[in-house]
């Protein structure tokens, strides 16, 4: 299927990147600007996307829309929220969809279905992700893995926040054949509340979340599992348990990965380094596991690994940390925009 | 060794208990009062123990000591903190040790070593716990499992907060032979900051902990593993990974337990119910996993279990929640005091 | 008007109380039980009232109702939430109204309007408070000030959380003639989110409240001002500015009170002590201002005062701290129940 | 004295600024880079300064030093913390002092006292601020008010976080003669914990700060009052009461300002607009009071004003919000660096 990972070519090696700091002088800045519009700009993902696009040196932000917040100021200076408008949506070069899950698919059908010239789309919702059954020829926006396909894509399905950390961690290991498939790979994940969106649910009130911690999506039934399995296929036997953290933003994933005998942390780091060398949005720790505070308000994903002592069979502890609104959503969407424009992947990012 | 669990007698069934609400009229209240003293009363565990003992209808709190807070008011009305004093310590019926790990052992040697009449001791530190190598004939204070031994004990080693939840969950399963020993049982745990004590460590500052989440004691090397393994022995193959939560108090433990084919959540709940029937400090959920908010500021441990769908081998998801200062420390210490005095286990507890 | 404070009789002195700890043996416990019911038990105030009533040694909790949570377990062991039922409501001795503001008045009219035997009512909403224009002959439940009237009352209007702290602080000063009426008395208040109720408002989401702090009810227009002014009358010229704190529960009020020349902190403490001597729910600090953590999860109000240096005119800084769900709501409601039953004011309280 | 504000010339009008977004293309970026060093880079202020300087397009960060964190990575990519070194400190163009209060003065004496060529200094500590008695000819770094003097200064005393918001709010009002001097101006302020520095104090532990709120520096005795009074002189009669907020960063200041009859919110906004027109780091709200979340992780200060209803004498409610680490420290320090280099005031800022 269209999302199978090329286990031979390594995107990272094919496009080596010089680390360019997001705020140093921007060689491309004299080039033409991309006109970008945001549909659904007042949710947490939409606010983050609007904020980053407004600061992106290569972008001219045409509009950011919100039915509920129409007319009120957006994070983009001088650009209040507008009502969603199909005509204006058609005029941009790239359209970001930060709408509620489900409604994004309708917009995609309307914009791309009509034929003729139309903007390219980065869909930040779950509507067209692998395993959704509605892929619609969308390219999966796991940037470090599908950059070349994204560069040509008409529709990009931006990955979920949990899968971004899990796949960044495990795909290189599967490609290197390190996991032992006959044992469970157990992923315990915890996310800040912005991952659940800006909806007025009683269970997301400060009075319910503060001083609390709880599992949800229990029984190995979380929606994101389909997305992970579509990419990992039979490379690992997954158990995935998310939890709700009393923090605003950020995801930490702790994974116990049974490995084939003789495999250790060095092999894991080697597999990561081979794939991610030169990738500014992926940082590999020399030792220890990452902390959420290392990636808060950034567009990076941090990866770390430790050996496990005194276990009956070989296994390693893998940790991934990212900001669910950064690399887990708007940050990766900007990487995908940069790929579509043939710009450096970190342009306008907080790497 | 002295801490092996009797796999045949079930403490819970041997001493059936009628649920008596902690604040209803107290039949025993006309009986003699136990004189209790607290050494190390100004740490988080000491403050909680002092608070609960001051409200316990059967207790006369003789003193609560603190070098650092000497003279300042304690949570016990009209009882300011005093300097630790061996003579006064010898005069009580039961001595609670809430001292820093290490110094408790010195006090135990001084009080019990001298011979002659001496108070009985509940040691809330790690100094004499199973696997410490300094058990010194201490009885392990996992109340629902060793209540009869505790009733006779001179020295009780109060369990650690993490082991309390793990052992409450897994001991009945091991006794019933449910876990598959040839696969890893993965425990992901998260604790509030009071579990780390009231010490001025930079990494425990609000500025470091708030909006953060991180693993610690990585590599399957946390001190509490020795304690768990001493009780579980070869019944499970443990991976234990604790995390620091941005909450003040409470522990949530999520455990993936591989089981023998055909075993499911009902078998787990049955094993728990057989052991814990009538136990007010253990609550078994009919469905779902427990949340930290259900047990905050209580002396209960909540247990829940769910089946895992779409895994290659049979496993269940087990969840335990408790307040690290309640059932995880001072609450269980009160249960042990009650056992020593032949009082109902929930007397003075927040069950 | 009916709520003017008797400036001569001091409730506190009239009924001196021996401090009896809520959990010590309860002399009255052998007496008859009061049957109490709660309407609106699943909001934050209702949950707190249900929790405290279930533990009150003199109370038989007949029911706690909730339309939204009907059938699910309440904090009262073995007592799930029921649908509100007028017939059952009529059968109790005392009815607690924890309903949304507005709907309480309808229940009061139905229960008390019908004539014949009916339960006495403690209304925890704003519907019948002083200044509401719907006092309806309700007695104001500021317990330390109107205890004798409450003992006889058919309907008690339980005070708001903010007014409880402000009036506890300022009424004794006004009675002693300490404030300078020709200058502004400035009250800055901050409350935890449970003060806003358990309603699914977007501005109360964890994502909005955490790491935030903001004023609300600005322009000296907060509803509670009417209630404060009805009691303080022209004794002070009030500015009241509440803020929303990123905490679950608790209120801190910092008040700059211009005073007549020569008046200092000692005079303030003397006025408080004269009024509150022997009152277990009011604690006067010997020095400094109170902290929210001193009163969290208690039914006490702490009062403190400091002099102000280097100001052009005499003024003192007064601080009040209480738990908005404790002394600010359910705790005071229990004091009022105790007054109705001629029980000690602290019976069943966390003092 | 050297810090008296010029009540006639308006800095804002003298140097009108075109709003240039921090991340748009940077005209000056082709110009020479300023070599900057940071002493004390591992405290909260030092970390923020290091982070911003590393991203500043006109800056070459020579070093960031920390005795405690020597050798560990700093927020500047590829620049680990070094030991403080006087020789290296002398080689830079501008030196940022983020040291503990007191030790900064020693460095200033050593660097500037020796004579000969030496770097210019921005001191982020309290050591040379107005009212400290050790001004030493330092220019006060309240950027919008002393920009021209700062451009020429050898030593800049960067303002405290609280005074920055208070002075930004009140200086224009005093200059316009709006406050009534014969009544108290009451300032209630609340700050996140990073304002207290990254020191291992027990009272700053998560366990103490979370779910808490308390006043400190009571009795109108906070160190920052000297600084405010040195600038405001006899223009207002100040009461200043700070509180510790359970948030990581940010300051909110709510001020009741008695005014001369007939003065209202429009007059206040007019005074602000006259002074701050074109200033990117000061934002004036058209209505309402600012919230902490509007300025978190920015270098802006937001100002708002509301009228007060039903008071015996005319007064307005003024609100200021800023990030204590942004406009309250490192952000303003960057504005001062920009002034020294004749760069736009918002260069490298998060405005």
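Which chain is which? They are A, B, C and D, in the order written, and residues in each are numbered from 1.
Throughout what follows, a residue touches a chain if its C-beta (ideal position, glycine included) is under 8 Å from a C-beta of that chain, and two chains touch if they have at least 3 such contacts.
This is a predicted model, so every value here is computed, not measured.
**Q** Tell me which chains count as touching both chain A and chain D.
**A** For chain A paired with chain D, the chains in contact with each are B, C, in label order.
**Q** By the contact definition above, name the pair with the higher C-beta contact count: C-D or A-C.
**A** Greater number of contacting C-beta pairs: C-D.
**Q** Measure off the straight-line distance from the CA centroid of chain B to the CA centroid of chain C, and report it in whole Å.
**A** 36
**Q** As a quick test, compute the distance in whole Å between the mean CA positions of chain A and chain C.
**A** About 48 Å, centre to centre.
**Q** How many angstrom lie between the CA centroids of chain C and chain D, rounded to a whole number?
**A** 40
**Q** Hey, what residues on chain C touch two or more of the other chains?
**A** 192, 208, 210-211, 246-248 - these are the residues of chain C that touch more than one other chain.
**Q** Show me the residue ranges of chain D that touch chain B in the complex, using the header's touch definition.
**A** Of all residues in chain D, those touching chain B are 44, 192-194, 198-202, 204-211, 246-248.
**Q** Within their complex, state which residues of chain A touch chain B.
**A** Where chain A meets chain B, its residues are 181-184, 186, 188, 190, 192, 208, 210-215, 218-221, 225, 237-239, 241, 243, 245-250, 252, 254, 256, 258, 288-293, 296, 306-313, 315, 317, 319.
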